[in-house]
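Next come two complexes built around subunit A: one with subunit B, the other with subunit C.
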Partner chain A sequence: MTQSTPLIEMDKKSVVAVNSRTKLKIKKAITIASFLLPGLILYAVFMLYPMIDAVRFSFFDWDGASPSMNFVGFENYVQLTKDDIFLKSLGHNLLWVLLSLTLMVVPTLVLAVLISRVKKGKMFFRAGFYLPSVLSLAVVGVLWSKIYDPMMGPINVFLKSIGLESLAKNWLGEPLFVIPALVIASTWAFYGLYLILFLAGLQSIDYSLYEAADIDGAGPIRKFWNITIPSLRNTLNVVISMVIIHALKGFALIWIMTQGGPFYMSELVSTYVYKAAFSMNKVSYATAGSVVLGIIVIAFTISFNYYRERTE
Partner chain B sequence: MGTRLKQLKGSQVTLLVTLSVLLLFITSPIFYAVLASFKSNMEIFSSPFSLPKSWNFDNYIGAWNLGNFKTYFLNSAFITIGGMVLVALVAAPAGYAFAQLTFKGNNLLFYLVLLGMALPVQAIIIPIFFQLKSMGMVDTLTGVTLVSVGLALPFSIFLMRNTFRDVPKELRESAAIDGAGEWRTYWSVMLPLAKPGLVALLIFTFMNIWNDFLLPLVLLISQEKFTISLGLYSFQGEQSTNFGLIFGGTVISMIPSIIVYLIFQRSFVEGMASGANK
Partner chain C sequence: MKGNKHKISFLLVLLMILTTACQSPTSSSEDQTKKDSKEVKNESASGNDHVLDLMIPNYYNDVEKQQWASVVEKFNEINPDIEVNITNGDVQVESGKLPTLLQSGIEPPDVILMNAGPGRVSILSDVNLIQPLNNLYEKNKWKDDLRTFAYDLISKGENIYEVPHMIDTIGMFYNKDIFKQNGVEVPTNKNEFLKALQTLKDEGVAPITVGARNGYAIGWIFGVMMESVMGTEQVEELFYGDGKWNDPKVVEVAEMIADWVEKGYITKESVTQTQPDSKFRFLSKQAAIEAEGTYLITDLADQKLEDSVNMFMMPSFVDGDVAQPVGGIGLTWVVPTKAKDVEYAEKWMDFILSEDYSNIVLNLPDYNFIPASKASENIEPVGDVLKTAMKSIEDGSGYNPSVFMGVEAKEAYYQNLQGLVGGLVTPQEAMDNIEKGAEKDRANGFSLK
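What follows is the complex of A and B.
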């Protein structure tokens, strides 16, 4: 895109012109750098460099404190494939993805459709239903661990008071319930964002499509399947991919509510890696685990965006 | 026609009732926490769903003093405000350069920034800790602020680039003809036009940093440096059986984000939708 003016004669005049042009060019480069560099440097120091470091660490054997690091090649990755807890954590991440998709996507879409039908007070409901998403995950985690408390938590107190004592479980303490219980808390914390995306998507649907369907005598369910869902394709794609990515990255709620327990029953890759690095001092091993997680997330994100660009 | 109108009104009423009941049910954990924060342990257990017998603030006072929530609050405020200022000062000019200035490697550099949006923090948190350690900034509020800003930058630059792309280039060119330098044009002509995007960015940054848990957990060690999220987490560990106190702390931790949300509700929600859709 650079414009080059041919230099015909190297007389004094044009040398001066070239000089001042390079000066101008340098000045322009400095100006552009002054806009870009502060941001890019911070980004490089705290994201790009650690990213390279993560890959580097994963090829060594290092406890985080000793001055020397032993190069071990792919040994950490080989160990990971033999580590039952790591594999279990990956499985839990997958389960977490599936449960989140089930709980999050369709119910939130139905809620969005209901809100979009409101004539007066739409803003009130949108703001109200978004409220849980405003809270920090620390608040959500502490709040829900009290809600699930086997003795004093409101769920069990309520179940006991209506005589369903047998249904009152130790929600975060039993292998069968712990992950679903955590996913419910996480759904509560995150559905608000998806609700807003769906509402924005619904707003852009051509209303005349519904009128035409009305004339054809289509019922509400047929209209939902034949008009709403296809028109929301892009929004649905975005929401589904965000739900999956969130589920793969989950950490704070699990750490606050169960720390991966009981007996690794709710361990995700992120919590396992955190423990391995900061309480077991297996720094390079943990980093290898986090690199695996990072690759899964990045690969998914990139291929999803590629797919979306191709289909749009 | 008359019956049709009645039908419509009738269905609106059913809809409103359904949604109100649903809203009450979904937000009930918040109400539960607020009610419980005024109760004693005994009362929480015996009557969890009723209004408190008296509105006493003991749990709040207890959490504020005993639980050091005052310190946590100030620490969070420092990190969050510092982070917001820094993000705005650094991400807006970069987004502007990507959107408005022509230079070699613009696209390539921008892809590099986009990579950061896909990269999960969990993948790099361990090296971040050791890097900050080598810089002597583990267990400092400045360290957490800088890392928070670094991690927030990809999305922030992306958002500001989108904002500045909607500003017509002719404005910049006509300012240049008037003899204004690039930075002057930026401050006095372009930035004011990007105000909605900038407001969205500041709200995002506030929510992200104020509510963050992972970075403070990994990067802060001593209790007097804890942020409000980390403080609440450690408080629940210390007072695990004292429900009243914990709910006091929980409600204290909720208040700032709810206030910011209520004030900026509209630009908040719209920023969310536009940011994620692009």
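What follows is the complex of A and C.
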């Protein structure tokens, strides 16, 4: 009896220790969950569930309101491959990506570098250049429609006033100009965000690198190319990813300025699926188009990040 | 343990607050709208809890707003126990807003005044977003209350889903002062019409303005041209017979519009011009003619231009024929399937077809619609332009194609007509494309026969 007492006490102690460890684990799990759950629930309800449901709808022939729908397998996807306008829209999306990358990334980076060099009034320039980003896209759309107006728009009025009438075009009405014109408007609306990212990236570059380069006699272009660009590698990756994603899912500005016209010249997948779903009751067909676009966006993003990681 | 319970409860409450706080702005504003609407209803409940919720198109201007106020006042005089709550919105099916509103699950209005046409109404009726009104037609004998032309247009199918509000009358509105200054008379035949366009062009005046950026507006002028070049019967054949969009006669109309752009009668820039911009150009005397419906009348009143503008029908290009104004039913009343007070909606639609309504609106000098009711046939409108329009449809009306097309054909129609104005597609290709759309519609079961 006397020998067994310490054993029981030891057992009790170990039980208490196990209990307190379990409690600690539960407590830890609850703490982690309390941080993760709000975001996860919102993400699941507003992102994952609609996405999964969209994929499901794409295999049916739902019109958007009927209580019943028929399973059609991959029929909607097969039809998409035969749909000239959808394929044209995809092509426009790719052109939009290329133009966005060209117009958005390099000029914004150069602008950020220039602003970072300004000694006085840096805040003024930052705020000034960021200003377009705070405007609603509806306002931006109407504003740029007026700017591009072939008869009263300031661009054509200016060109005509300096005798360059032949250069005055119907910017939103000619096949060669409509998408570039829309991309310029889109760039104007969004470059502020990327400018801020670049400015933040520039601030994190170790200034001693530039001092060392100065001692070695490097010029501004060489410093930009050999110090600034490599140091901004991560920022550039983020910006390029964001520009690609944004370019592929752009909708509001096109809808306000051209609605995909004239004659489908500015039709993007997003405008096309919107019309199909809400003007033509072809909800399942439209979701199939959206799924294809979603896959392209994901593929682009993953490929780009994979490439980036490999080159690092 | 008790402490843990408190923590878990606290976390759950926090989660609920976060979920509520992070709801989308749309959802929040909808809640607010519902709340506001409830407040309005509660206020009205103090003396009256019978509220009829109407949804009508956005007002063009204050003149139209005043007109609706007069109409509602008259309705209240007859039905003092029903309060009318008007909401304005986009009632076009093409923009997708109306189908989205009805699909969204938000409590819909009791009755909606939407852009009419079998090609539009069927988008809602095919998916049961609006309800059939056969019983109401029978009960109220609405067939006898409607103009025969209007009733015929909406009663082709098994069910009737709408009560026509007005007859569209689209023709050529012209500025009298510009015509006079340039020595142009209102044309009465093909040669005079083409000569008038050339004279205006030679005098440096833009002959015709079109808001081709909005499909329906380029559709207006194309419909007017189809009526003149093809004649009503041949146009009818397209919708109710075996006509094809790429028939030589339709291609001829497409060639004519392309030719007018080429000759400068319609500026090529019109391809990006919106209808409101086109209207502004016309009203500010920057162009002599605009193909429009009688909707323009309130703008004329708003800008005190009643004496400067009138309308004429584009003369027929078919020997011995007289071109009709194109149209059909312009606006029509529909009742959402989920409407809560169908009884009030019924009273409202019955009022719209009554003599009381026609008397009120046709005695407004700036009223802009021809009522679809038989009661209106014997009342002479006070306004001159509306008088001209009403006279012009005495012998019937032509067809505004946009109203009679299926969804695929209509989308192709709008885009290809834009393409024609912009010189982006040949007339033959454009009509082939529209026909392809019509074929898809037919394959999907769309038919007006």
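Quick notes on this structure:
In this section, the second predicted complex is superposed on the first by the 252 of 312 C-alpha atoms of A that agree within 3 Å, B and C clash if a C-alpha of one lies under 4 Å from a C-alpha of the other, contacts with A are read in each partner's own complex, and residues count from 1 in each chain.
To be clear about the criterion, a residue touches a chain if its C-beta (ideal position, glycine included) is under 8 Å from a C-beta of that chain, and two chains touch if they have at least 3 such contacts.
All of these numbers come straight from a predicted model, not from anything done at the bench.
Within the superposed three-chain model, A:L87 lies out of touch with both subunit B and subunit C [touch as defined at top].
When the two structures are aligned on the shared chain, A:G64 is found in touch with subunit B and with subunit C. Once the two complexes are overlaid on the shared chain, A:M47 sits against subunit B while remaining clear of subunit C. After overlaying the two complexes on the shared chain, residue contacts for A:Y130 are found with subunit B alone; subunit C is out of touch. Judged by the touch definition given at the top, the superposed model places A:V139 against subunit B, while subunit C stays out of reach.
Of the two partner chains placed around the shared chain by superposition, subunit B and subunit C are both touched by A:P38. Legend: residue contacts after superposition of the two complexes on their common chain; A:N170 is shown touching subunit C, with no touch to subunit B. In the superposed model, more residues of subunit A are touched by B than by the other of subunit B and subunit C. In the superposition on chain A, contact of A:K275 is made with subunit C only, not with subunit B.
Shared interface residues of subunit A (contacting subunit B in one complex, subunit C in the other): 34, 38, 42, 46, 64, 149, 151, 274, 277-278. Note for the complex: subunit A touches subunit B at residues 1-2, 29, 31-32, 34-36, 38-40, 42-43, 45-51, 53-54, 57, 64, 111, 114-115, 117-119, 121, 125-132, 134-139, 141-147, 149, 151-152, 154, 157-158, 188, 193, 196-197, 199-200, 235, 238, 242, 245, 248-249, 251-252, 255-256, 269-270, 273-274, 277-278, 283, 286-287, 290-291, 293-294, 297-298, 301-302.
Those residues of subunit B whose C-beta lies close enough to touch subunit A in the complex are 12, 15-16, 18-19, 22-23, 26-27, 29-30, 32-33, 36, 41, 44-45, 48-49, 86, 89-91, 93-94, 96-98, 101-104, 109, 112-113, 115-116, 118-131, 146-147, 149-151, 153-154, 157, 181-183, 186, 207, 210-214, 217-218, 228-230, 232-233, 236, 243, 246-247, 249-250, 253-254, 257-258, 261, 265, 269, 272-274, 276-277. Taken together, the subunit C residues at the contact with subunit A in this complex read 4, 7-8, 11, 14-15, 18-19, 22, 24, 93-97, 99-100, 102-103, 123, 126-129, 212-213, 267-269, 271-272, 407-408, 411, 414-416, 418-419, 421-422, 424-425.
Chain contact summary for the complex, subunit A toward subunit C: residues 26-27, 30, 34, 37-38, 41-42, 46, 63-66, 148-151, 170, 172-175, 258-265, 274-275, 277-281.
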